[in-house]
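In the two assemblies presented below, subunit A is common to both, partnered first by subunit B and then by subunit C.
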Partner chain A sequence: MNSALLPMFWPFCIFVLMILVIGFYCILVTYNLIRALIGVELLMKAATLLLILVGYITGQTALAQSLVITLIVVEVVVMVVAAGIILRIYSHTDSVDVRDLLKLKDKDKTNA
Partner chain B sequence: MLGHLNLLLLIILLVSALWTVLTRSLIRSAIGLALTSAVLAVIIFRLGSPLAAVCELSVCAGLIPVLFVSTISLTHPRTQAEKLEHRRGRLKRFIFLPFVALGLGLFLSLMKLPLNIPSPLAQRVYDVREVIWNMRSLDLIGQVIIFLAGVFGVVILLKEIKSHE
Partner chain C sequence: MFSLLIFVPLFIVMLINMPFGGIRKSAYILAFLLALAQIVFTLLAFFTPLSPLSSGRQDILGNFFNFRIGVDNLTLVLLFCIGLTLLVTLLTGREVVVDQRQRFNFVNLLVIAMAGLNGIVLAQDIFTMYVFLEIAAVASYILISFQKGILALEAAFKYLILSAAASVLMLSAIALLVLVSGDTSFAIISQALRDGSGGFPVKLALGLFVCGFAIKGGIIPFHGWLPDAYTEAPAPVSIFLAGIVTKTLGLYTLIRVVTVLFGQAAYISQILLVMGILSVVFGAWMALTQNDFKRMLAYSSISQVGYIILGLACGPGWGLAGAILHILNHTVFKSLLFVNSAAVETKTGTRNMDQLAGLSDRMPVTSFTSIIASLSAAGVPPLAGFWSKLLIIIGLWQAGFKLVAVIAVLASIITLGYLLSIQRRVFWGKLGSELLNVKEAKGGIMISAVLLAAIAIGVGLAFPFIPAAMLNSLSSLLGG
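What follows is the complex of A and B.
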């Protein structure tokens, strides 16, 4: 580990935590499914920055890069499948509002 | 220690993340996300990881916003009455976010950092190709499986939509 780089860890960490909070807040507060997905994406950005930062400070940038590439692959697949699910929900309820998903139960009752 | 340019980039990253969440339009949110990813790619490049920066820039700043824009364009926009109602509720819900984020940043910056981070015991390798292809080759198989799972998932989801129409 490069001890000369250690003082930059905490300032970067503060920004990482702030972006994490922004992502969590977005997921918790919004009713829009697409915006919730944007919140998840922000969480992943914070995780990416933290991984790269730790790799830089410990001198293991190669390992950190391989982990980040794996993370990016997972991120893309999660986003694609989630977007597909949102479109499926939209075709079913005609809305991307989370509150409209509560009506699914009533819909099933009327169909039955 | 942090560097003026790094600090500036981190502030731009934070502001663009805030704008992504706070802006009313979903299209603008998607553009904000692309901007956040682009700034993050520059930071990653400056932290000595060029390959990860290229992946971040091409995939996260290029592909994912396009995915969001196509999802947004496939759903219908709100009516004027819905927009007005949404605007009122939205301000109430999101007004605390800048204060929460900046308050947390201020609180953490005043805290003392425990600087005794243990060094990892993993073998030190300097070439990313060596890590990807030799050390973590099982990860590659996992990535291929995840890709296939994603492709099959989307095919099934979109097929269902088509058959319903």
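What follows is the complex of A and C.
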């Protein structure tokens, strides 16, 4: 580990934290399925940035690059599946609004 | 040659998608043989002596792909559970998924998920583990929703979003571990964690891991997606999810990373204890109020997973051995209960327990096997579930968590309560007039129910003859 760079880790981390907070906020407040997906994408970007940052700080740039490229591929797969699910939901309900779903949420209440 | 367990499923997926005539028709048979082969292979490996974590064994394919894998007794237990659950899922899927095209997709996704699960269990590198975890998770999102019902789609989307959040937490933790140790392999990380004093990044990473795995494993307070996904998934997929997916994604990873890699600190035990007891009590409580057969089983799953977490909280010793055994037993009895629910659903067309009654005359095998599974789940001797719960409670008592041990025993009475209420409402009582034409489920469902019931009884009866050394080896190598 390059100890000279270590004090820089936490200040840089602020940016990662900001993206994380924006991502979580985006997922929590929106009623739009696609916006929720964009929120997830933001979260993944924060994680990617953190990995790059760690690679830079520790001097393991080769390792960080290989991890990040793998991560991007994984992320694409998840997003494609999510987009497919949203398309199917749209073909059922003609909307991408969460409030048109929420059928499962009431199940516990009606049973109780 | 354990890397074959990852490569052969991937190869088979490629093979059955080749554009040759006729190969598509043999997809089901190939997957079935694959599951059988995994069970046989694992049993053979279990009864031949293995040194702990023999990652240095000759593994030509693994060396070729520069791929670190390791095998210990915990891995073997999980591999056996994966093979068994896959077998049962395929047998049930044959009766439930009748459309040829859908069945082909179903088999494909199952085999991909199997490769992912085997990879998680065998990986000796935290990032490799993450990638396989994502493979298994993506396959299960599609498996939940492949019949394209709107409720299933909603459940799959919920699972996907929460699971992606869990992935982000895990990735951040992995990044912090790379910061501390400079590498992603378990050996180097564990060395660095032992040498270092365990500063703030390590504690943060640990917390992020616990949250991430708790979401994946559906542990309270992160359980939001689990009842929906289990209920709305097609019947065989519910078996697969409850039987193995959440266990490998959440619990195995929790054991491997938190207990083995970090070495269990006292404060982690406290956190696990709180999450475990919440899951046990709240899961059982919610299960009591359900009318939907599968939803009740889903909440029961949360409750049973809570017992496994309680076992983990005790640390190395009887508690951990009990937790690992309870993973095996829970795979057996919860798969069996979901097989029974699949039988009832396909034959009567409903899962609502208010519309069902008195099926025990019409479906004697289903009724009998579900009683076996319920008693095993509630921990009634001499069935298998009794022994693992006994070990967990002994572990809790020895570790000094006496109040928790008492609550765990009392919660087991609630377990018996709701499981017997399934028996009473579905199988006992007077047969309704609209159910007169119901027949016993045939073929695959029957075979898998009988198989699982035999395992539940067999493990329970054979347990007192298992040498204590074997149980010790289950837990001690994890502590080291």
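The rule is short, and it goes like this: the second predicted complex is superposed on the first by the 102 of 112 C-alpha atoms of A that agree within 3 Å, B and C clash if a C-alpha of one lies under 4 Å from a C-alpha of the other, contacts with A are read in each partner's own complex, and residues count from 1 in each chain.
Assume a contact is a pair of C-beta atoms (placed from the backbone, for glycine too) under 8 Å apart; a residue touches a chain by one contact, two chains touch by 3 or more.
Values in this document were obtained by computation on a predicted structure and should not be read as measured data.
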Practice task
Applying the touch criterion given at the start, work out whether A:43 contacts subunit B, subunit C, both or neither, answering first, second, both or neither.
Solution key: second
* To do: Check whether A:88 is in contact with subunit B, with subunit C, with both or with neither, and answer first, second, both or neither.
  => both
| query | Is A:9 contacted by the first partner subunit B, the second partner subunit C, both or neither? | reply | both
Which superposed partner A:63 touches (first subunit B, second subunit C, both, neither) = both
Per residue count on subunit A, the busier partner among subunit B and subunit C is B
**OP:** Identify the partner contact of A:101: answer first if only subunit B is touched, second if only subunit C is, both if each is, neither if none is.
**Re:** second
_If we overlay the two complexes on their shared chain A, which of subunit B and subunit C does A:77 touch? Say first, second, both or neither._
both
Where subunit B and subunit C land on the same part of subunit A: residues 1, 9, 23, 53, 55, 57-58, 60, 63-64, 70, 74, 77, 81, 85-86, 88
In their shared complex, subunit B is touched by residues of subunit A numbered 1, 6-15, 17-19, 21-23, 25-26, 29-30, 32, 34-35, 37-39, 41-42, 45, 48-49, 52-53, 55-66, 68-70, 72-77, 79-81, 83-88, 90-91, 94, 96
Per the touch rule, the subunit C residues reaching subunit A in their complex are 127, 131, 134, 138, 141-142, 145, 148, 150-151, 153-158, 160-161, 164-165, 167-168, 171-172, 174-176, 178-179, 182-184, 227-228, 231-232, 286, 289-292, 295
Within their complex, subunit A touches subunit C through residues 1, 9, 16, 20, 23-24, 27, 33, 36, 40, 43-44, 46-47, 50-51, 53-55, 57-58, 60, 63-64, 67, 70-71, 74, 77-78, 81-82, 85-86, 88-89, 92-93, 101-104, 107-108, 111-112
In their shared complex, subunit A is touched by residues of subunit B numbered 1-3, 6-7, 10, 13-14, 17-18, 20-21, 26, 29-30, 33, 36-37, 40, 43-44, 47-49, 51-52, 55-56, 59-60, 63-64, 67-68, 70-72, 74-76, 93-94, 96-97, 100-102, 104-105, 108-109, 113, 115, 117, 119-120, 122, 124-128, 130-132, 135-136, 139, 142-143, 146-147, 149-150, 153-154, 157-158, 160-161, 164-165
